[in-house]
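The following blocks contain the structures, represented as structure tokens.
Both of the next two complexes hold chain A, though its partner changes from chain B to chain C.
And now, the complex of A and B:
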């Protein structure tokens, strides 16, 4: 058993490369998903019924589809409509599309529980349209969402493991590669699990730090 | 897509639903046991359960399935794809269920337990008659939510060679060179399965409501 872990340790650069890929894929996906979730949330909360119905349909559809199925649709399905991706962009695109819907639903929940007076006060000070949204509504909504967004980021990290199936060289993929080359499944996957655990703990710690800061500056 | 393709998708659906149901049937009671170990404050075991839950909640189901399927034979425990899939589903969902049960247990009023002890109930009897009937109703929405999340991560078991809905759809797409129709059909199937779970939850809640006047 120690010999197995020694083999994995000897190939730690591959594992760490996989970890690095997982990290930047997930960080990029989180940021892009949040950016896209903004307008979707506005649509979900808008008074325009058709717009609201379209946004609701998209969000509900994403919440019913397993992530792997969406990744397959993007990677294998869209080329038949003439949209072609390589495995990286397909993986990122699937992560972003899927999680934008979840993020929009998270932001909508916080927005819906924002006190009416808060928005009224913004109106009274002459804010409207995009400026009302950016300066008055978005900041408290995002701050209220930080813990839930942290949870969603952990979900993104775990969903990213599915991308091994479309051959994105992320952490699970590299662990698989090491195990199939040297037949050290136990050591390779235990190492991967430990790294995933570490990653999730870091996210939890960051979320707690942001929350403390938010408490302090309030 | 031909008629045969629809049948193989439905077979995939049967695999997804049955393996997930077995995983849930194992994971829900195991989760309750883990939660009870933590709640009752057993010294070393409580710590071990906390560590298990922390690690399992951070482990992607794909990685867990690979670990169970490839690593167990490596340490001398031969395992087939189906038991490996069930084991990883159950291990994964048990960790999440443990947290749901534990939340209900932590909120449980101590005074009721004191009253049960005062009335001469043993711990086991108090749990069966007083604690459990209340916490399962509180936990039900969370448990069903976790079940739908499990269904959505269940395509992970395809990595150990099981043909579930997603895998069947990929196969049909590869054979017909038209991947979109089977993927869309698969989406509809998942939607129906998830909706089925939510329906059952609502039915249980409204039944409880009628029987006891509260859900």
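And now, the complex of A and C:
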């Protein structure tokens, strides 16, 4: 057993490279998913019925599709429609699309529970349209969502492990490569689990720090 | 009516000074089958403080919310300094929210539940709309906000979030926030009703100072003593109708209508005080 871990340790640079790829893939996916969730949330809250229906359809569809299938469709399915991604961009695209729907649903919930008076005050002081959204609605909504967005980021980190099946060189993929090369499955996968755990702890710590700041406004 | 609005804007300055800051003409509002406002008219001249009194459910708050189009009247017209609110000049086309915004920015509003923005500090609340809606330079807005905070005695709270303030402090900040817009008129929607009794006084004191300083104000309130001391005119509303318009002296001593008398009797202490002062 010690020998197995020694082999994994000898190839730690590969694991760390996988970890670095996972980190930046997930950070980018979280940011992009949030950015795309913004307009989807506006559509979900819109008075325009067709717009609302389209947004609702997208969100519900994403929530019913297993992530693994979505990754397969983006990487293996879309080329038959003439849309071709490399494995990196296919992985990122799948992560962003899938999680934008969840983020939109999170933001919509917080927006819907924003007191009517809060928005009334915005209208009364002359805010409207995009300015109302950016300055008055979005900041408290995001503040209220920080813990849930943190949770979703942890979900993104875990979902990113699926991307090994489309050969994205992330943490699980590298652990898998080490184990198949030297047949050390237990040590390689346990090492990867420890690194995922570490990553999630860091996210939780960051979220708690932001939460403490948000606490001053409650 | 729309063409009348168009000619009003080209009046000479002297006539403009006489013109009401706020004019309400025949406003009706229904919620479902229920008539909330019935043919309400009133006019507010520069520097006047109008108190709107009436029993709960008489339509006072709805009337106030119609004044800045937070509620849209079903019929009737509302003019701010001669400009018709809610409809484009010379037409019956409703204004878009973006077109309404600059008009609303000239009507300050103080809400019953303060409605401060919780994600902004006290200073942030004061400067948000002047910077983002009125596009005024930040330095000037901040300097003016500091003066306002001094006036309400909360300068040291500038960097505090509203959640850390008492109700009375929140409402004073809400008043300063409205003043920071340099409004033509200030609307108060039961500004002291949500406060603990011991905090009512500090807010009323700020409101009385404003009235004395010549601010144009429309005040919906249940504070009879404030209405007596600070109002230039009382508008008494019952079941959505303006039942009586009178000076506070007349209204509190010898109201014309039976309904106003009954209303005042329910606020016995205040009425007794009026009789005592008159004796």
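Keep in mind that, in the parts below, the second predicted complex is superposed on the first by the 215 of 218 C-alpha atoms of A that agree within 3 Å, B and C clash if a C-alpha of one lies under 4 Å from a C-alpha of the other, contacts with A are read in each partner's own complex, and residues count from 1 in each chain.
Convention: a residue touches a chain if its C-beta (ideal position, glycine included) is under 8 Å from a C-beta of that chain, and two chains touch if they have at least 3 such contacts.
Given the structure is predicted, the values throughout are model-derived calculations rather than measurements.
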More chain A residues in contact - chain B or chain C: B
Touching partner for A:121 - first (chain B), second (chain C), both, neither: second
First (chain B), second (chain C), both or neither touched by A:217: second
Which of chain B and chain C A:69 touches, first, second, both or neither: first
Touching partner for A:106 - first (chain B), second (chain C), both, neither: neither
Partner chain(s) touched by A:192 [first = chain B, second = chain C, both, neither]: first
Chain A partner contacts - residues on chain C that touch it in the complex: 68, 70, 96-98, 100-105, 107, 109, 111, 113, 115-120, 128-129, 132-134, 161-164, 177, 181
Chain A contact footprint on chain B (complex, rising order): 54-55, 57-64, 66-67, 70-71, 74-75, 151-156, 158-159, 165-166, 169-170, 173, 177-180, 183, 186-187, 190-191, 194
Residue ranges of chain A touching chain B (in the complex, touch as defined): 61, 64-69, 72-73, 76-77, 80-81, 154, 157-162, 164-165, 171-172, 175-176, 179, 183-186, 189-190, 192-193, 196-197, 199-201
Chain C-facing residues of chain A, complex: 117-118, 120-129, 131-132, 135-136, 139-140, 143, 216-218
